[in-house]
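Shared between the two complexes below is subunit A, which has subunit B as its partner in the first and subunit C in the second.
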Partner chain A sequence: MRDYVIRRLIQLVPLIIIVSVLIYGIIDLAPGDPLEQLLLDPDFTMEDLARLEQIYGVGGPFPERWAKWFWRLIRYQDLGVARFHPYPVWDLIVERVPITLRLSILAMSVSLLVAVPLGIFSAKRQYSSWDNFFTGLAFMGRSMPTFWFGIMLILIFGIYLGGTPLELPMGNLTSIIFTEGVPWITLQLDAAKHLILPVLVLGLAGMTGWTRYVRSTLLEVLRMDYIRTARAKGLSERVVIWKHAIRNVLIPLITLVALALPGLFAGAIITETIFAIPGMGRLIFSAVISKDFSLAVGALTFLCFLTIASNLLADILYAVVDPRVRYR
Partner chain B sequence: MPEVTSIKKSTEFDLSKEEYSYWGVVWNRFRRHRMAVFGLVILTIIVLFSIITPLISHYEFDTMSLEDRFSPPSSQFLLGTDELGRDVLVRLAYGGRVSLFVAIVASISSLIIGAIIGGISGFFGGWLDNFLMRLVDVLLSIPTFPLLMILAMYFGGSLWNIILIFAILGWMGESRLIRGYFLSIKETEFVEAAFAIGASSRRIIFRHIMPNTLAVLLVSVTLSVGGVILFEAALSYLGLGIQPPTPSWGNMLQRSMEYILGAPTKGGGPPWWLTFYPGLMIFLTALSVNFLGDGLRDALDPRMKM
Partner chain C sequence: MPEYDYLVDVRNLKTFFYTEDGVVPAVDRVSLRIKSGETLGVVGESGCGKSVTSLSIMRLIQEPPGKILEGEIFFKGENLLLKPEEEMRKIRGGDIAMIFQEPMTSLNPVYTVGDQVSEAIILHQGLSKKDAIDKVVQMFKLVGISDAERRVNSYPHQLSGGMRQRVMIAMALSCSPDLLIADEPTTALDVTIQAQILELMKELKGRLGMAIILVTHNLGVVAEMAQNIMVMYAGKVVEYASARDIFKTPQHPYSYGLLYSVPRLDRGKSKEPLLTIEGIVPNPYNMPPGCRFHPRCKFRMDICDKEEPPLTAIENSERSVACWLFIRRGKQDFLSEGVI
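Our next item is the complex of A and B:
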């Protein structure tokens, strides 16, 4: 097991290098360099340009620039300076990640809490009208444009239900009216209220996808011989499902959940834009919109590393939870 | 298959009859898939709506009427008007043309790229296969949506750019799928027989293997149309997709967001029709395409799993 992890880690090295060359290359080769726009200003000299190129690390031939950038990243955790937020990119990312991570983990938990019971329910009553109903819902969830879903929720809970007890905040992480001396519990409740709609929007894909997944896997497992044996022993249906079948459903689900994290971060681009949440998603969006080179490269690199890390995590988790998996 | 009501004499079976041909059997199976038929009907209605409405309407997609800004749905403007007094119904139809065109052309293009790369990989194998599949691994570890955003930002949101970007980023999954099919079909006896009588690689690929992957390709392209419609709408919603004044469902939604909190609507209240209808079109199109893809998969090959 330990050897397996070490071997996987070593295999990651070339992957990380190739991916980072690709990302750096794609964004680097894209036309439109904001620094050149500065030359339109008559007071802006070539020396200034050279100095700024030095600061942002954009001068010189491509391999040299990439190598310098990569070295600074692994040696000093330095991703350069964002142009339009005058902060180091590394600090911006470190500051924003926890916000999106919290949102993603909440969305995941809600999705799982919905998906597992619903999937089991549907599988136990295959082709019943309830099962068909949930199948329809799952298709609708898969076809739902998340941003539209979010806007409609804002329209309903923020505007039409405004002033009623069901009103929910339309955006941001907290209300801004708070001053000193507000009790802690009120602050927490306020923050929780702000999270309800974003978590629903972000968790929608997982909810529907995982429900289908639990249903189809359970159906497959229920056809297996050991389930027939369990039933033949006279065990109750509850024990058969919750003790015998469920494990074989949850093992692959764990992998799926681990693989979902990068997708949630990408999904957060939309969710955080709708609800004006200052997380990673909005950071990526603003980096792209303002053509901020260092920030875009940094944020995209972060997402790629997250993808690679969760792939690895999924493989390792699979080996840990499933004793049948043997890795040489 | 048709139900056999009585035992027929052998001469009464006419195998050339349509219901016994491959596509006849497929159509029979498809027909019984209620949701797939529903999807086909809705999709046909949406396509017809997008094509016909601009032909018979009094309004163009850019006919402005400033005194009618933010009119709620009425008999004059069936689905209301937007912030410049343009008719939402006509814009939805034009947006439908754009969104459907982008999705269909992009899906077919990425399918072609995927089929070529997957086919080469699966058929020839060896170091080429290794190289191409590692390339796919690497590309798949870059998150698609942010990359789409970056490319759309730098190359601009014209119609063909958007199609190109989707084609470039969409082929990886399909190439894996096709490769798998090539690998397994290559091992079958009829391909071995073709090799034995000295058929050329080209003939084996195009005459023997490709036709057998047609079913997968058809299902794959259908499902990917649904995905592209959603992604394109999301890009446009962020202001990175198809650029105004060309209407697309996504950029109509984006514009509507600015007015959702307050606009001088006739009769007060938020202009919900600006937000509701474009989203509904995206949703219905994606839903019907997904139903259709699911039905096709079951009809073409009940054992096929994707």
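Our next item is the complex of A and C:
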């Protein structure tokens, strides 16, 4: 098991290098130059440009520029300075990641908590009216555009239910009315209320998709010979499903869930925009729109690293639950 | 003495499958009886209802699409079909155990074999986890798994097919069942392993004295192990007789065809080609009327496609056969008539 993890970690090194070349290259190919826009300022001279190119290491041929950028990243955790924020890109990412990460992990957990029991419930009653009902609901949720769902939730919980106890606060992560001396629990409750709708919106895709996935995988697993063996032993249906079937359903689900994490970060772009949450999604979005070269490269590199890390996590978890992988 | 004559007494069992394409009469009025300690061989082509019969006895038919429509399954004098699911679970794996055809897929890949075998022991005998594992080691030794102490911690993929079937046998026998249903236990194994597994089953039967229903399409297997043989065709019993009788004087044209389609050492160095049963198994959605075998039968008569032949007992014996030829003309001697 330890050898397996070490081997996987070593395999990551070339992958990371290739990915960073690709990201740097793609953004580099985009029209415009990180410093070009500064020339719009009449006081900005060509000498200033050359000096800044020297400082940021953005002049010269592509391999040299990439090498300098990559070296600074791994040696000094330096991704350059964002143009429209007066901060280093690294600090911006470090500040935003926890917000989106919390949102994503909550969305993922809620999705799983809904999907696994509901998938099992549906599979056990295949083609019953309950099963059909949830199938319909899942397809509806799946087909609904995220932004529309978010707007509808805002309409319901912010406006129609406004003034009732069911009203939920919108926008940002906390309300801003608080002054000193507010009890801790009230603050937490307020933060939690702000998270409910974004988590629902971000988790919708996972909730619906995974429910279907658990249902179909479980139906497949229940047809397996070893399930018949388990029943022939006299085990109760509960043990058959929760011991013998569920673990075999979880194995493929783990890959799916771990690989969904980068997808949730990407999906957060819409959710964070709708609910005005200052997370990674909005950061990437604004970086690309405003051609903020350093910020875009930095944020995309982070997303790629996250994807790679999720992959690794999936492989390790896979080995934990599936003995056939563990001993290879 | 127990108050029942037969350990298993199945009467007019009818198990149908209701699929989108139609109704499949997989088992149609099948009756069978087994005394304690006896072995019954159930023989027939793929899809003739052998496996469905054995799964029906265990009440493991998936419902839907399957359904046991009629009949009675008496086990130790009690009708299993009337038992609530909870009591049935106590019988499964306890009094009646089963071995399946596919040792490669019959064990759960994510649990150790020790865990899977001990599960039944814990459930039916109420042993602690530790005692149960000790019992598993004992059982593994009994079925000839070497290095049993270490093997209990193996996962199925670490064992060969023959070893896995031994694990399955250990699992089935761990609670000392009165009846063992072996559904093609050696079909998926190569020939040398087949012989080993059969030898093992024979030996264990001698030692533990359970009754066995041996489902197979391999006639050599039943010849060696079974006292009685039931031949099935398209969901019907066509002939029921002792192993001796059926190998010597098969009465149903299908049994005859089945027996003489395999090479036999005791028939000498005959240069004659082996017998083939022409045609194919009928479409289960659309069974032929009358005798289900009539489209392939060389002895077909006018009545055969009109009326179904009842299973008729042969006088002064435990044999019975469902064939108009027998009903009209009495006992046949296909061998000396030399019909091929």
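Note that in this section the second predicted complex is superposed on the first by the 320 of 328 C-alpha atoms of A that agree within 3 Å, B and C clash if a C-alpha of one lies under 4 Å from a C-alpha of the other, contacts with A are read in each partner's own complex, and residues count from 1 in each chain.
Here is the rule we use: a contact is a pair of C-beta atoms (placed from the backbone, for glycine too) under 8 Å apart; a residue touches a chain by one contact, two chains touch by 3 or more.
Just so we're clear, the structure is a prediction, and the values are computed from it rather than from any experiment.
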item	value
Partner chain in contact with A:95 - subunit B first, subunit C second, else both or neither	neither
Partner chain in contact with A:190 - subunit B first, subunit C second, else both or neither	neither
Partner chain in contact with A:48 - subunit B first, subunit C second, else both or neither	neither
Partner chain(s) touched by A:131 [first = subunit B, second = subunit C, both, neither]	neither
Touching partner for A:167 - first (subunit B), second (subunit C), both, neither	neither
Which superposed partner A:78 touches (first subunit B, second subunit C, both, neither)	neither
Touched partner set for A:229, first subunit B, second subunit C, both or neither	second
Partner chain in contact with A:28 - subunit B first, subunit C second, else both or neither	neither
Subunit B and subunit C contact sites that coincide on subunit A, given as residue numbers	none
Residues of subunit A that touch subunit B when the two form their complex	15, 18-19, 22-23, 26-27, 30-32, 136, 139-140, 142-148, 151-152, 154-155, 159, 262-263, 265-267, 269-270, 273, 284-285, 288-289, 291, 296, 299-300, 303-304, 307-308, 311
Subunit C-touching residues of subunit A, taken from the complex the two chains share	224-226, 228-236, 244, 247-248, 251, 321-324, 327
Subunit A partner contacts - residues on subunit B that touch it in the complex	35, 137-139, 141-147, 149-151, 153-155, 226, 230, 233-234, 237-240, 253, 256-257, 260-261, 270, 272, 275-276, 278-279, 282-283, 286-287, 289-291, 294
Residues of subunit C defined as touching subunit A within the complex	58, 60, 89-94, 97-98, 100, 102, 105-112, 116, 119-120, 123-124, 155, 157-158, 168, 171
